[in-house]
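Chain IDs A, B, C and D follow the sequence of writing; residue 1 opens each chain.
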Amino acid sequence: MTQATEMLRTYPADLGGVDQQALARCIDACFECAQACTACADACLSEENVAELVKCVRTNLDCADICDTTGRVLSRHTGYDANLTRATLEACAAACKACGDACTEHAGMHEHCRVCAEACRRCEEACRELINALG
Amino acid sequence: MTQATEMLRTYPADLGGVDQQALARCIDACFECAQACTACADACLSEENVAELVKCVRTNLDCADICDTTGRVLSRHTGYDANLTRATLEACAAACKACGDACTEHAGMHEHCRVCAEACRRCEEACRELINALG
Amino acid sequence: MTQATEMLRTYPADLGGVDQQALARCIDACFECAQACTACADACLSEENVAELVKCVRTNLDCADICDTTGRVLSRHTGYDANLTRATLEACAAACKACGDACTEHAGMHEHCRVCAEACRRCEEACRELINALG
Amino acid sequence: MTQATEMLRTYPADLGGVDQQALARCIDACFECAQACTACADACLSEENVAELVKCVRTNLDCADICDTTGRVLSRHTGYDANLTRATLEACAAACKACGDACTEHAGMHEHCRVCAEACRRCEEACRELINALG
């Protein structure tokens, strides 16, 4: 059981009908993607061809920030606001799409970009599933 | 001249036609709103009627995180991505709207909610202006 | 293998002699603690006796922010700075100690505080182990 | 009057004897430094000699995260914890020192590094003044 699942289980009030498995999966995916993107930006900085990776670094940094914030917003349930949740998930899916695409371009050459691209794809998918589950 | 304006001025490459005054105003509004929301959440915790303010606290926390992330995304110009910028600004405007509404409900009773609601309104407006300026 | 371990494995340059297992454990513990503290603050807001939990909420929020930042700093290896790493870990250990203590006071009554206190203890321990490993 | 000063003024409980001017100055300096460091990291990515600036970028990113977290911790007053505040300020001063030094090395060549170094120096000084004011 992940930390997010454990914390969902102990929430003392009604979680309001949101699919808890999709929610927990998305929280986990957000924090994992934030970590991967933070580390990938730094790994790019240590590559000899860093000058060719600057767009990748920038997208990594945006994606890390947005995933982190999305993981936080999804970890809160008190006074739930569907509009705000949906807008945040849309921004997160857009960031993960952009970062997954940028990293995929370098995935054959840089192993960290390949691993990070996979984290971005998982997080994008988890965001879209949760958007659909919100109705 | 604010820090954001000064940093925009020193950016070494092309800023790509974005309205720099609208951009600087939005960056400043995001960080000011993040500070106001962080402080307002804490001020609510010190009110005797905190039990009536829990939705306000939660919305403050979401708004602080989203404004902070938006201020960071807007402070980056390398490898600019209009889709990602727009989705982030939409989430920020939604958060500021929700938080401004929540704080306004208590603005007559709690001065920190009144001040915070004003910061949220300014930031929401700055986000919408920038969305329009992006075309 | 966790995301942090996978990203450490793919870092393209020398990791400089830091104990990689202790490092990966601490990164994981930081992000798990950040999630637990964010969720615990929110869970406290939904408790009927929220007025008695305000110090717990505040400490949760500090701990979430500091753990998140520490997890980010530890995910970077380029241009490593031992002094900065140590000062960050000391702040994180202090935050986890304070939050673990605050949550422990309510652990018998609130399950989320019990689970969060455990995450804080694990993270505090992981920080202290890494401080020792830094020499 | 800055946002931080305005929010301090509206805090509904006792601020506990901390020098409010030093506190407000430090909160403002933290958020300004976070913005400057975020923008400077990005500006470095757009420089032709980015390969020589990777340590500067990394230190910028650490400093942005730590200043942002410190600004948040200082914006909370409920359940004040002097130990945690001091440890956070020490980490922030260390980050600002490291980043100010890194940026100063390139200040003659890159205007954004010069402006960012000044923000780091102001923030380091504000942190040290506040540490002293805490007693």
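Basically, a residue touches a chain if its C-beta (ideal position, glycine included) is under 8 Å from a C-beta of that chain, and two chains touch if they have at least 3 such contacts.
Here is each chain with its UniProt name: A, B, C, D = Four-helix bundle copper-binding protein.
All figures in this text were calculated on a predicted structure; none of them were measured in a lab.
If you compare B-C with A-B, the chain pair joined by more contacting C-beta pairs is A-B. Farthest from chain B in terms of Cα centroid separation is C.
Centroid to centroid, with C-alpha atoms defining each point, chain A and chain B lie 21 Å apart. Taking each chain's centre as the mean of its C-alpha atoms, chain B lies 27 Å from chain C. Counting only residues that touch two or more partner chains, chain D has 42, 45-46, 54, 57-58, 61, 68, 72, 76, 78. Interface residues of chain D facing chain C in the complex, by the touch rule stated above, are 54-55, 57-59, 61-62, 65-66, 68-69, 72-73, 76, 78-79, 81, 83-84, 87-88, 90-91, 94-95, 98, 102. Within the complex formed with chain D, the chain A residues making contact are 41-42, 45-46, 48, 50-51, 54, 57-58, 61. Residue ranges of chain D in contact with chain B, taken from their complex: 3-4, 6-8, 10-13, 27, 31-32, 34-36, 38-40, 42-43, 45-47, 64, 68, 71-72, 75-78, 110-112, 114-116, 119.
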